[in-house]
Each structure stands twice: as structure tokens, then as C-alpha cells.
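In what follows, subunit A forms one complex with subunit B and a second complex with subunit C.
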Partner chain A sequence: MTNKLLPRPRVLRSLRVPLLSRRKTERIGGRLFLITTALPLVLVVVIALALLARTYPILETQPIGELLFGQTWHPLRGEFGFYPFIIGTLWVTLVSMLLAVPLCLLSAIYLAEYAHPAVRAVMKPLLDLLAGIPSVIYGVWGLVAIVPWVQNVAAPASKRWLDFLPFFAVTNTTGYSILAGGIVLAVMVIPVIIAVTYEVMEAVPNGLRESSLAVGATRWQTIKHVVMPKAAPGVLVGVVLGFSRAFGETMAVLMVVGNVPRVPSSIFDPAYPLTALIANNYGEMLSIPLYDSALMGAALVLLVVVLIFNLGSALLLQHFLARTQA
Partner chain B sequence: MTHISIRNLNAHYRDHQALKDIVLDIPRNQITVIIGPSGCGKTTLLKSMNRFLDLVVGTHISGDVLIDGESIYAPGVDVTEVRKKVGLLLQRPFPLPMSIYDNVAYGLRIHNMHKRGRGLDAAVQHYLEMAGLWDEVKDRLHVPAGRLSVGQQQRLCLARGLAVEPEILLGDEPTSALDPPSALHIEKRLLALKEQYTIVLVTHILRQAKRLADYVVFMYLGEMVEHGPAQQVLENPQQERTRAYLEGEI
Partner chain C sequence: MRKRLSRRHIEEMFFLTLMGISLLIVTASLAGILLTVIIKGAPVLTLDMITKTPQGGYYLGKEGGVLNAIIGSLYLAGGGTFLALIVSIPIVLGLNVYARNTRWANFVRLSLDLMWGTPSIVYGAFGFTLMLALGLRASLLAGIIVLALLELPIIARAVDELIRVIPAELEESSFALGATRFETALAVILRQVLPGLATAILLAFGRGIGDAASVLFTAGYTDRIPTSLMDPAASLPLAVFFQLNTPFPEVQQRAYAAALILTIIVLLTSLGSRCLASYLGRYTVK
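Let's look at the complex of A and B:
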């Protein structure tokens, strides 16, 4: 009631204005953050839906099981089995992971825990440099060095000594193989994984190392029981980051894996990863019925595989964090 | 009577001399408190006693530290054995990334001590009791140690250190990150422990020194200025610099 009679004191009014507007800014800011956070998610969903829509024609003519597990890829006969490509992708990724991850862990441990500061100072920029090399260059290097090496050294050696093992049989003598693709991919992701892993290990507080050493643990015991468990979630992120890059970097792998759409049974067999399938064929031969739709399907499968990969690692990360949380 | 003898100890970080010709005898089963202004070398002196200075690249040490008359710097000495014998409490607690139970069991497992004598469970309980933490954690031994409060974490670190059966406990301002009640809790534990252990503490808090110290060492700019029974050094310092520090002038 008094409000109507008396003018509000000046001070109060001048106080109210910024307060109100600040609250408003905060609200708008909050929404903005929500939108920017949600945007990538929405984008993934939109892309997935678009791909699904374009894949629809082929899904109408063939059951999804036949598409995913069909072994033959013969577009002219209307046979579009993705299985060889999916398996090819997994093989190349697995081989490169087996090569890269142990090596990266050891290098990062060396750099973070043992190396002299001077060695670190040289290695860090070198790793960044390596990580920045365009993938075509790795592809060319794979062509002139790795493919011949597989052809002339690795394959004959395996034929002589490892032939009895599964996955090591040599029937392909060209050198264009999963092994070559895996090596090139590994070399590409190694600098990324080492850099991230090293940084994560370096971020482990020194007090933790000292706490372990103080009860008489050796350096290696400290690394094994304290530094690695503490760094594990970050290391996992580094590995995923490296391979997320690898999934996308079609170029180098495509140049050395041989691109034969057959289900491989040995690391010396050629393979045809999904990315290579899309990159090699999109824009060509689109007059073939359903071809375009099939390639979209391949893209969708790739997207799903990458999403599962990322989701799986996120779950693993959660598991680690829950166990060691500090 | 003397447990640790420091003989003409000099320590350099590259070309900076952090300790200058320290000669000091630390008495057994007492609390020795090292005081002095920031940067005077207290931490460096403490870390010379469990070979922690070895961990810093570019340190150079001369002179010697003897425990029970045996040099810990002699060639062929196993540093892990030295560190097992000389426990260290850091300025703030660092629970290892594992459960409360595993934190205490850590050293026992490292040194294969859990197979002899009473079982691991009993040992873990015993050392948690010694650190005054057992009652608070006995129902959640297997939760991650990071979930404890900072004060509880520091007592956990104490239990972890005690578990490897050291003879000496070093503490580098072990209560400075804690709230006053938690700090008093740790102090109470240390007073109880001096029956069995030789304790060497660094502190910035004069009142804490007065509460705990049997023996006091005053350092200034890398030199040991004065040392002696607590009463004598704190009440009636012989050196002008000690007096100035105690009165808050430096």
C-alpha cells in the first residue's frame, strides 16, 4: 500500500535492476550451455535418422540379418552382405590395438616415471609433430615400406615358423594385408595415445608416488599398484581417442589393406574395412539399384560400431572411477 | 639414547645449498620438532633421513646419516629397507587409489609381511586402532579410501605407515591441512606413539611445538642454529636468531 504513496528509495531500485538482469543472464546462460551440450547429441541422432531413411530401400528388400551377416558383396547381382566389411574393420582395429597399446603404455611409463627431464623436453614436441602428420603420408609410407616388408619378410617368416597357428596362415602373397593396415594404423595412433597417456600419468599427484615409496615400495611397485590404477581411466580415454581418430582416418589404411571383400581368417589376408568401402565407392556406380542405399547402410553400421565402442569405453571408465574414486 | 645421527650433512639442489654442515643427534623414543622460517631446509633435512632426497633430480648430498650407528647412505644399502624402517607422513594425506583396507595392507603385501604372524585382517585392525581410526571405519573397510574426510585420511596414512613396522616416524607438517579437531587427534596419537617410536616432526606452529616437543631443533637459512631439550630451546634460547624467531621477528 505504501508503495503507491511513497516513491521507492533510489538505492533500492538501482540495486534491483542489475540483480534481476543478472538472474536473467544466468538463466539464459544456463540454457545456452544446455543447448550447446545437447547439440552434438541431437546431431548424432539426426545423422543416424538421415542414414536410416536412406538405408530404408534396401531394408525393404532384404532382412537386416541378411545384410549384417551376408558374406557376399555382389552389387550387380543385388547381393549386399556387410559381414566381410564389419569383420575387416574389427580385424584391422584389433591388430593395430594389439600392436599399439602395450608399446604406448611402456613408452608413457618410461617418459612419465623414468626419463630424465631433458628427454621429456625433447619427446613432447616430437610426439605432437608425429600426431600432426596427414594420414596420406602414413599411407604412402605403408605402401613403400610396410607392404613390401610384409610381403618379403613377415609373410615368409610366418610361413616357415608360425603356419600352424590360427590367424597366421599365409595364402596371400601380395603384402596388402590386415597386418600392413594394422601396422600403419598403429603407427598413426601411437603418438596420440602416448601423448595422452603420458599427460594423464604426469597428472597423478607426486604425493601419491611418495606415499607408496615411503612405505618401502619400489618404483615399479609404485607404478603398478598406484600410478597405473590412478591413471587407468585417463589412459582408457587416450586409447579411445586414438582409435576414434583411427576409425576416421580411412586414407592410410585403405591404401595398404588390399580392399578385397572377403571374410579374412589370417592377419596376412587382405580385408576391406567399412570406411574404405564407403570412401572407395560413393559417387561411382550409383546407377546400380540399391547400391547407394547399401553404402548408406554401411555408414550407419560404422556409426553404430563407433557409438558402441565409445559407449563401452564410457561404461568401463565409470567402472574404474567407481572403484578407485578419490 | 641417540637413534639418528646426522654427520656433517650438506645438501644441494643443483647449485643451491639447502643444508649446511648439519651435525645433530636425534634421541630415541622422543618427539623431536624441527622449527624455522619457510625455506630454511626443514623438509630437506627430514627427507635426508629416509633417502627421499634421492628422488629429486639434481640433488647432491655429502656427509652421512646413521640410524642405530649404521649409515643409510653407504653403498649397497637397500633404500626400500631404509624407507620401511623410517615412515613418513606428508603435509597432506594421499590415500592410495584403493580401499581403506587395502591402503593399510599395502605395505604388508609389498613386503610379504602378511603371511607371518597374525593374519592380514587382524593386522589391518591393529594398525587402524593404533591410528585411532578403527571405530570410524570398521563397517566400511572396503570402500575407496578417497571417501574419508581429510582428517580421517591423514590417520589412515598414519596406519599405513605404521603397518610396515617402522622404528622412526617422520612428519612434515602432518597437521597443516587439517581442521583443528583433526589436528589435535593426530597430535594425541603421536604423543601415544612415542613410547614405541622415535618421532621427528616439522612444524610451523609454535604452540604445536610446545605441546609435542621433547627436543627442538631450530634451523635458519640451511644452518642448524640451535638444538636441545624443548624446555631449554623454547623458554630460554641461547642464540639471538632463535629468540628472534620465537618472538615472531623473523
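Let's look at the complex of A and C:
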């Protein structure tokens, strides 16, 4: 048998590259395709290294511990402490997750286990729509609706009834607060968490539900004791994904959270998340020594945290899918 | 005679009520967002708004519209989507035709997922360091490059999912006719995913046009319409953000109009991708 390829089939003639034989096209094209597959990995590494290189000057003057846990932020005096910003990010993200996770779990359970197909058919595109709305629009909504609500309804109510609780003291009357940021972020991550949760609950085999129902369990008992334990790792992945999305969100938070660089002590305090720090100061960062280096360091912190979370959730999901399919 | 409800039924009803409330809150917040944008934007959305650039002074001029941001956004997102598309096609074909089911393929998918999860402000910061290294100013080109980075994983992952569900027989038939893998990739696989590709492109475009944090550093902001790749370019999300922060109601109105225009563009893109998928899907092998 000859080792030569037959002439090109007729349907494929349009693809002829005149100067190359088909064998060469195959070899060169294949190699090119394979080389390009390295691009995503290269990009992630290059982004991390580039940010690290820009952060290096500040790491030479300040140990990393001082940078991460320093309390004071005075760029003009060369004092760069990320601590208030890191804590601000954590507060806003945690408040948003506390609000979003129960809502998402309940909604996803309903959609996956109880909902009429027609409800499902309406809700799925609606959630996709919610996921597609730009973050700046969420910010406008927060500014127009949520901030005044916090100022006029939530804060006075909390002052009257919840003031004795540790995290509910009302010290700030503007409405620009961690609570406002948390609410806006919660609505932003809802579609992400619901989509993942819904999918993993769908993946639980129906036979399990049927056996549980057959021995007399109610639907809720079936969900509680059969479906949820099976889907739990996947649900966790959804929550982690939502967390990392909220953690890195910039515009919507920036617009409603107040941006005061102080360690907050109540959900009605303003905060200053890392993302807002970067976005607010890009204009002046080249005019003050080491300022740009500090801001790139903040971006690096964000990138590293989000990479760790996403890597963890991706590995967890792979593990989970391998187990359910086995 | 009525049967007394047992505890477990009460529990079920309790949680069902909670679920109903949750779903209501989720739907209501979507409606709330859309209503806010429409109520604030619709009264100020005049013809001047979409046909004129801001007039009467840099940044804070009180006349004119947001044409600069509309055109800037379309340039930015269009360019970014195009760039992301021509880079992601070879990646996805290489992944599925030449590296199929290898550890490397899983690894590449993982890195695409990591890229997807990277916050856009990090891309913005990276774009900024890139600009400093190359000596570029804030420009349309820099914005396009950064948006392409942001959109690359969206297109690549969406198309990847589509290719994985193509029936193996289709590829085998192509091989049986004597086609090489390269020819099969371009003539059979790519054609089979074309409808899905169109959806993925629109999805990425919608994501790109709405992203503010990445273009904040890289594309700059200007009242003029860019005429070359090296000019700075305005964008709708930044038009909303900057103009909402000004103390002048006239300028804020432009922000609300820009928000409504942006929302309409994004919703149309989303709707368009659905229609396009079913329209183009007529001729694929199911």
C-alpha cells in the first residue's frame, strides 16, 4: 500500500492551499492548532508574572506581611497597608453570600424538583438575562433604589430594633454602605449560583428519588435526605464560583459602597474593597512613587485569591462528576 | 372529615412557601433593575441623545448626547470579539481534533476556566502594565486587546462544549472519504458548530460591551468619536459611571440614557443569539 494520500475529495476542494500538498497542510496546520492550545495557560501565567513584576518595587521597600496587614493607607507618605481594603472586600462579599446562598438554594430546589415545566421554561431564560446585564447597570440600580432604601428604611429600622446587635450599629446615615454593596452583589451572583445548583440537582439520578418516594417519604424528605446529600459537593462548587465572582466584582460595588478606607465594624458602615481601590485611583497612580506598584499588588492579590478559589472549585467539580458518573 | 397534617407535611409546606418567596424575590429584583433603568432612562432618551456627541465643554458639558460612547462601545466590543474569535477557533479545533481526550486537553480547559473566572479589573490592570511596557497610551487598540482577553474564554468554552457533542459518526464519515484531520476540522466540524458559534459570538459581545473595569485603564474616555486605533475611545458603561458621578442633573440624564441604551443593546444581543441559533440550526446534523 502506498503511503500517499489520495487526491482531495471533491467537497473539500475549496480548502486547497495551492503551494502545499495535503500532507504538509495537515502536518503544519495540526501543529499550529496544537501550539495555539497552549495560549490560555500562557496568558494566565503571563498575567500573573506581569503583575508580580510591577509589584516588585514595593515588595523591596515593604515586607509582604506589612503590605497585606498594614492598617494605614497614605500613598503620599509611602505607607501602603491593604488591611482595610481586604477586610472591606471580605465584608461585602460575605454579606452578599449570606443573602444570596439561601435564596439561590431554595429557588434552585424549587426549579429542579417542584416547578412545572412551563415555569422552568420561563425562569431559565430570565436567569440568563439577569446574568447578562452589565455590572454598571446593577450599579445604577443600587444607586437609585438600594442606597436610598438602606438610608430611609433599613438603617432607621435597624436603629430602632437591632442596635444592640454587634454588626448592626448605625453610624452612617448616607446609605452608601456594606449592606447596599452586599445586596447589589447578591443579586449579581444569584444567576451564577442558581445555574450551577440547578444543574447538579438535575444530574442526580431519578431512580434515587423514586426509591425514596416509594418507601413513603414526602418530596421534601426526599430532597433533604436523598437529593441534597448527593448534590452537596456540586452545590458547594456553585457557591464558591459565586463567591469568587462577587470577590472580583468592581463597578457595581464601587458605586454603592461608600469608599472610605477604614476597617468597618457594622454592615451600615462604608467600606473600600480592593477592586474599588484599583478602579478609583488609576488616574493618579503614576504621579506618586510606588503608588502604581501598590495598586498592581492589589490586583495581584485579587488574581491569586480568585485563582485559588476557581482552581479548587474546578477540581472539586471534576471529582464530583467522576463520582456521580461512576 | 379532614386529616390532621403530620409534622413532615407541615415542614414541606413551610419550605415550599420559602421557595416561593425566594423565587419571587429573584424575579422581582430582575424586574426592579429593568424598571429602574427604564423609568430613569426613557424620559431622557431623545433623538439628540443617540445622534450627538456631548457638547458645551469637556466632560461636564450639559448638551448633546452619548453618540461618542455608543460608537466607542461598538468599536471596542466589535474589535474585541473579532480578535477573540480568530484566536479561539484554532484553540478549540486543536483541543478537539488533535488533542482529544488527552490530559493536556483537560489542562487547557482548566486554564480557560481560570481565565473565565479572572475579574475584569485584573485584566484592566494587566492591560495597563502591557501598555506601559509597549509605550502605548490609553487607546482603542489597548481596549480591544483587553476585551479580547476577557472574551476569549467565553467563546472558546462555548464552542468547545458544542464540538464535544458532535456525533463521532460525522467525523468518521469525513475520514472515510479520505479527508485529513485538518480538512475535517475546517470543513465539517466548524460548519457543524456554526449556529452555536454565532450564539457564542453574541454572548461574548454582550459581555464585552457591558464591561467597564477592563476598559477603564486601557481605552480611556473622550468626548470625541475615535478615528484611529490609537485614539482613546469612550464606552457606554464608563459613560454611565462617570456622568452619574457629576453633580449636574443634565449630565446625569446622559448617564441614565446611556444606561438604557446599554441595557437595550445587551438584551437585543441576548435575544438575537437565541433567534440566530434556531435559525442557523436548520441545516446541522442533529
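One rule holds for everything that comes next: the second predicted complex is superposed on the first by the 257 of 326 C-alpha atoms of A that agree within 3 Å, B and C clash if a C-alpha of one lies under 4 Å from a C-alpha of the other, contacts with A are read in each partner's own complex, and residues count from 1 in each chain.
Assume a residue touches a chain if its C-beta (ideal position, glycine included) is under 8 Å from a C-beta of that chain, and two chains touch if they have at least 3 such contacts.
All of these numbers come straight from a predicted model, not from anything done at the bench.
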Where does A:I278 make contact in the superposed view: on subunit B (first), on subunit C (second), on both, or on neither? second
First (subunit B), second (subunit C), both or neither: which does A:P117 touch? first
Touched partner set for A:F247, first subunit B, second subunit C, both or neither: second
Just subunit B (first), just subunit C (second), both, or neither: which does A:T218 touch? both
Quick one: is A:P63 in contact with subunit B, with subunit C, with both, or with neither? Answer first, second, both or neither. neither
Partner contacting more residues of subunit A (subunit B vs subunit C): C
On the A-aligned overlay, A:L43 touches which partner chain: subunit B = first, subunit C = second, or both, or neither? second
Return first, second, both or neither, reflecting whether A:L208 touches subunit B, subunit C, both chains, or no partner chain. first
Find the residues of subunit A that appear in the contact set with subunit B and again in the contact set with subunit C. 218, 221
Per the touch rule, the subunit A residues reaching subunit C in their complex are 5-6, 8-9, 11-12, 14-15, 22-23, 25-26, 29-30, 32-41, 43-44, 47, 50-51, 53-54, 102-104, 106-107, 109-111, 114, 123, 125-130, 132-141, 143-145, 187, 190, 194, 218-221, 241, 244-245, 247-251, 255, 275, 278-279, 282, 295-296, 299, 302-303, 306-307, 309-311, 314
Residue positions on subunit B within touch of subunit A in the complex are 50, 52, 55, 57, 80-84, 87-88, 90, 92, 94-98, 106-107, 110-111, 144-147, 157, 160-161, 163-164
Which positions of subunit A touch subunit B when the two form their complex? 116-117, 205, 207-208, 210-218, 221, 225-226, 229-230, 323-326
In the complex formed with subunit A, which residues of subunit C make contact? 8-9, 11-12, 15-16, 18-23, 25-27, 29-30, 32-33, 36-37, 40, 87, 90-91, 93-95, 97-99, 104-105, 107-108, 110-115, 117-126, 128-130, 133, 149, 152-153, 156, 177-183, 185-187, 203, 206-207, 209-213, 216-217, 237, 240-241, 244, 255-256, 259, 262-263, 266-267, 269-270, 274
